[in-house]
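Have a look at the structure below before the remarks.
As written, the chain order gives the labels A, B, C and D, with residue 1 at the start of each chain.
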Amino acid sequence: MSTTTATLLISCPDQRGLVAKIANFIYANGGNIIHADQHTDFSAGLFLTRIEWQLAGFNLPKDLIAPAFNAIAQPLGAKWELHFSDSVPRIAIWVSRQDHCLYDLIWRHRAKEFNAEIPLIISNHPHLKVVAEQFGIDFHHIPITKENKPEQEAKQLELLHQYKINLVVLAKYMQIVSSDFIGQFPQIINIHHSFLPAFVGANPYHRAFERGVKIIGATSHYVTQDLDAGPIIEQDVVRVSHRDEVEDLVRKGKDLERVVLARAVRLHLQNRVLVYGNRTVVFE
Amino acid sequence: MSTTTATLLISCPDQRGLVAKIANFIYANGGNIIHADQHTDFSAGLFLTRIEWQLAGFNLPKDLIAPAFNAIAQPLGAKWELHFSDSVPRIAIWVSRQDHCLYDLIWRHRAKEFNAEIPLIISNHPHLKVVAEQFGIDFHHIPITKENKPEQEAKQLELLHQYKINLVVLAKYMQIVSSDFIGQFPQIINIHHSFLPAFVGANPYHRAFERGVKIIGATSHYVTQDLDAGPIIEQDVVRVSHRDEVEDLVRKGKDLERVVLARAVRLHLQNRVLVYGNRTVVFE
Amino acid sequence: MSTTTATLLISCPDQRGLVAKIANFIYANGGNIIHADQHTDFSAGLFLTRIEWQLAGFNLPKDLIAPAFNAIAQPLGAKWELHFSDSVPRIAIWVSRQDHCLYDLIWRHRAKEFNAEIPLIISNHPHLKVVAEQFGIDFHHIPITKENKPEQEAKQLELLHQYKINLVVLAKYMQIVSSDFIGQFPQIINIHHSFLPAFVGANPYHRAFERGVKIIGATSHYVTQDLDAGPIIEQDVVRVSHRDEVEDLVRKGKDLERVVLARAVRLHLQNRVLVYGNRTVVFE
Amino acid sequence: MSTTTATLLISCPDQRGLVAKIANFIYANGGNIIHADQHTDFSAGLFLTRIEWQLAGFNLPKDLIAPAFNAIAQPLGAKWELHFSDSVPRIAIWVSRQDHCLYDLIWRHRAKEFNAEIPLIISNHPHLKVVAEQFGIDFHHIPITKENKPEQEAKQLELLHQYKINLVVLAKYMQIVSSDFIGQFPQIINIHHSFLPAFVGANPYHRAFERGVKIIGATSHYVTQDLDAGPIIEQDVVRVSHRDEVEDLVRKGKDLERVVLARAVRLHLQNRVLVYGNRTVVFE
C-alpha cells in the first residue's frame, strides 16, 4: 500500500473555524491526518498551519486536490502550498573552495536524511571537482568576476533549468547572488558563518575574535535581496574562549555550519518551513 | 470581554477524522481555537492532542462543556481532561534545608510566570520557615523519621486537603514519598539532581564527580511508585570539567535544578503535559 | 592555620623564562602554588598569567609581597595586580525596576557563592526598596533625568566612596553611565540582554523577535565609554521559536541574564578575569 | 626555523616548588614555554600538569630530554610522558557497518585537524571497504564470531604492529574488545552512543526512547576492561522531544557521535588528556 503523504502549508487571516474547515476537507475525502500543527501570530492576525495526511484511501486523485482545496482557501483569503512526499525535489549545491558542507550534504543524502536528488554542483573555483567526481555528481565551474557576473549568472540559471533544480543550497559559496538572479530563482538557502545579526557581512570569524565574544554561531536562512537579512531557518552556537585563535574559530565554526545548514535543508525538504514577512514558522 | 480559555488534553486510539471531530465540536459551538497541537505515537497507536480555545462567544456554558464533549469522546475511546484558564491551581511546595528552588519558585510566582497560588510550604526541617514568613506563606514543619512516617504522611495529606492543594512540588524535599501517599495524591512533580537515568538514587553529584563525567544534568518528573523513574517532563545540562570539585557540581547543579523545575511546573500549569504510559508529550 | 591565598594577575611582553621567574619568586619564599594558568596571545606578543598560592608558610609578610614582586616585574615590563582572599570586596548593586537579577545576586551572596559584601543598592526608581529592606541592605533612590544627571552621578560617586565600594554591578540598571563617571569609577560590570554584538542598544528582545532569530542571548561585560562595547566576560544563549512572543523572550531572557551576570561577577571576584585591549582572558 | 614543540604530561604527589622545578628545567636549557596548565586534585593529593615548549633554541637534543627530565622527576615520585610534535602518531580506525564517524574522521584528517596518519581501517564487515578505497586507505575485513574471537584478535594485533599503529579509534565498531587485547594494546578510544553512565550497554537509543528522556548524548572514552566504564574524554548532548522516533534519535545521535569522537581524538593527539585513576584531566 502506498505510504505517500500530502502536505498543506497554509497562511490565512485568522478567523473562527479554520481548523475545522481544513480538517473536514481532508476527513470528508477519507484522508488520515498524521501530523497537524498550527500557530497564530496574534500581532499579524495570521493563522499558520501545516497538515500532512496519508494519500492511501484518499478519495481525490492527486491532480484534483489543489483545485478542490482552492475552493475552500479562496474565500478565506489563504495562501497555500501543496506538496506530495513522492515528488522528490532536485538540489543544486553551490560551493567555492571549502568542502566541509559539501561532503556533509552528500553524506546525508546517501544516508537518506534528505528526500531529494543532488544532480548538480556549481562552483566559482575548480577545487572541488574531485569531490563531485568521487560521488558521481555533475560539476560545473563557473568563475565569477565583477565584469562577467551577469552572463555567468545567466549560465547558472540555464543550468538550474536544464537540471530541473528546485532548490539551490549555498554551501559556503562565498559570493553575493544578484537581486536579478534571486528574482528569477527565489528558492535559495544559505549558510552564514555567524550568529546573525551579529557580524553581518564579510569575515565574521575575524570580527568575532576581535570582539572577544565567548560564543560563536552559524545561521541558515533563505536568501533575499538584503544581504544576510533573509528569513532565518536555523541557528546554533558553540562556546569559545581566549585560547581559541581565529583558526580555531574557523575550525569550530565548520562543525556548526554543516549541522545548521543540514538541518535547514532537511526542514525545508520536509515542508516544515513557512515563510511570512521576513520570519519563518518552523513546524518541528 | 473575557479572555478565559478552555483547554482539552486528549489521548485516543488513532483513527480517521479525529481532528475534524474535535475541531467541529468547538467550531459548531462558536469557539475560536487559539492553539492546537497533536502527536501520533504510531507504535502505541495513540493520537494525542491539546486544543485551547477562547470561551468568549462560546455557546456552551462552562459546566456543560464536559458532558457535551463526553458524548463525542466516549465512542472514540478517548481519555481526556478539561481545564479552564480562570480556575487557578493551588500549589504546596515541599522543601528540606536547601532554599534555591523555593526562592526561585516564589520569585517566579510573584513575577506572574505561574498561573497558580502558593498558599503552603511543608518541610521536614524548620530551616526555611524564615523564607516562608518573608513572603507571607504558611509553613508547616513535619519532621519525618522511619518510625513516624505513616502518621506524618497522614498529616501532610490532611494539610493538602485543608489548603485545597492541586499540585505538590518537591523542591529538593530529599525524602522518599510512600506509595500509599502517591496513591492518594498523585499530582506530584519532583526535581532530581542528575541527568536521569544516570545516577538514580542518592548522592548523584558525588557519583558524577567520581565517574568523571564532563556534563551534569537535572531532571524534573512526575513522582511514581518507582523511585526516580516517573515520566520525565524536562531536563537540562551544564558542562563541567576536572576543575570542578563536588561543591562546584553542587553549585552549578543548583542553577540547573531551579530552571528545570520551574519549566516543568510552568508546563504542567499551562496544561501542556500529557502523560501516557511512562512517557510525556510536552506540547510546547 | 590560615587558608588565605594570594593571587597575581600578570600581563607581560612575551619572553623566555617568565613561568620560571614567577614560580621561583613564590617557591623561594616558601609559597605553595595551588592554581597556575597562563595564556600567550601570539598576535599581541603578550604573556598573561594567573597564579594563586597559599600564604600559610609564605616567608614574606603581606605588605612586602607587592614591593618584592615589583622588583621582578618592572624589568619584564609587566602589568600586574595582587589580591588576597581575605580582603573582601564591597559591591554596590544598581537596579531600575526589574528585580530578577537583584534577587539572584542577593540569594547567591547568602549562599556564599560570592566572596564579597553587598552593603548598598542604588536605583533610579523606588520600586525595589522593599527588596533591599527584606534583606537589610541600604537603598538609595537617585532618580536620573537628562537635566540632573551630572549632580546625581556626583551623589552616586559620593555614596560609592562612603560605602567603600570596589565594584558596581549594573543589574538591569537601564541607564547609560556617563564617560565622566566611568573615568572616576571604572570597575563596573553590566548585563546586556542580547547576544552582543547583535542588538546593541535599546530594546534587544523586540528587535530579536522582529528579526526572527532562533536563539537569544545575554552578555555580561565591563562598562567602557563605548556603549555595549566593553570587554565581554561571559555570554550564554537559549533557544526560542516562532511560538515565543516578545514577552516569552523577555521571560526566557531573565533566566539567562541572572545566570550570566552572576557568573561574570563570581569570575571577577575570584580574580579570574584579566582585561587587555578590549578583550578578556577568563582563567576558569 | 623549526616550529617543533615538546610536551610533558606529568602527574605527581603534590608538594611545594613543582611549578618552579619544572619551569626551571625548561628555562635553564633555553626553552620557551608556549602553553602551561596545571591542576591539583586535592582529594587525591596529586599535582597534574601539561607543559609545551618550543624546541628551537633548546639546548638539549631530543634524545637527552627524557633522561634529563627523569633525573628531576624521579625524586618527586612523578609519572610522566614526553611527546614531540614532529612525531606523527598512526591511527587505525575500526568500524562495523555505519559510516558516519569514518567519513568524519577521514574528512578531518584531510582538513588537517589531526596531527596523525590513518593508514589502516579494520572492520568485522566488508561494507565500508568502498570508503577505504575512495580515500586510498588499507582495509582489512576481520569477521568476528564468538568462536573465532581469540585468533581474529591475534590477527588484529598483528596488523596493528605491522602498520606501526599508536592509537585505535573504535568508530562505531559495535563489538566488545577482549581484556586480553586491551592488555596488549591499551591505547583505544571508543564512542558510545549515550550520555554515559546512562544506558550502559546495548541499544541505548531504544532505551532512551522508552525512558522518554528529553536529551540524548554521546560519550567518548578510553577503553578499559570494564565495559563502557573507562575514563571519559568528552561528552555532548542534544535535545529531543516526543516527536522524535527511535530513528530520529539515531539520526540526531550520529551528529553527536562524530563530533564527540573527533574532539576526543584531537585532544588525545594534542596530548591534552591526562588519565589518572578512572578520570581524565583535559587541558584545553
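Assume a residue touches a chain if its C-beta (ideal position, glycine included) is under 8 Å from a C-beta of that chain, and two chains touch if they have at least 3 such contacts.
Just so you know, these numbers come straight off a predicted model, no measurement behind them.
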Task: Repeat of interface A-D, chosen from B-D, A-C or B-C - more than half of residue-number contact pairs shared - done: B-C
- [ ] Tally the contacting C-beta pairs at the B-C interface and at the A-B interface, and name the larger one.
- [x] A-B
Open item on the list: Averaging over Cα atoms per chain, report the distance between chain A and chain C in Å.
Closed with: 42
Open item on the list: With centres defined as the mean C-alpha position, give me the chain A-chain B separation in Å.
Closed with: 37
TODO: Would you mind listing the residues of chain A that make contact with two or more other chains?
DONE: 241, 243, 284
Task: chain D-touching residues of chain C, taken from the complex the two chains share - done: 16-21, 23-24, 26-28, 30-38, 40, 239
TODO: Report the residues of chain B in contact with chain C in the complex, numbered from low to high.
DONE: 99-100, 103, 107, 111, 113, 134, 241, 243, 251, 254-255, 259, 284
TODO: Could you please specify the touching residues of chain C with respect to chain A in the complex?
DONE: 39, 41-42, 195-199, 211-215, 217, 231-237, 241-243, 245, 278-282, 284
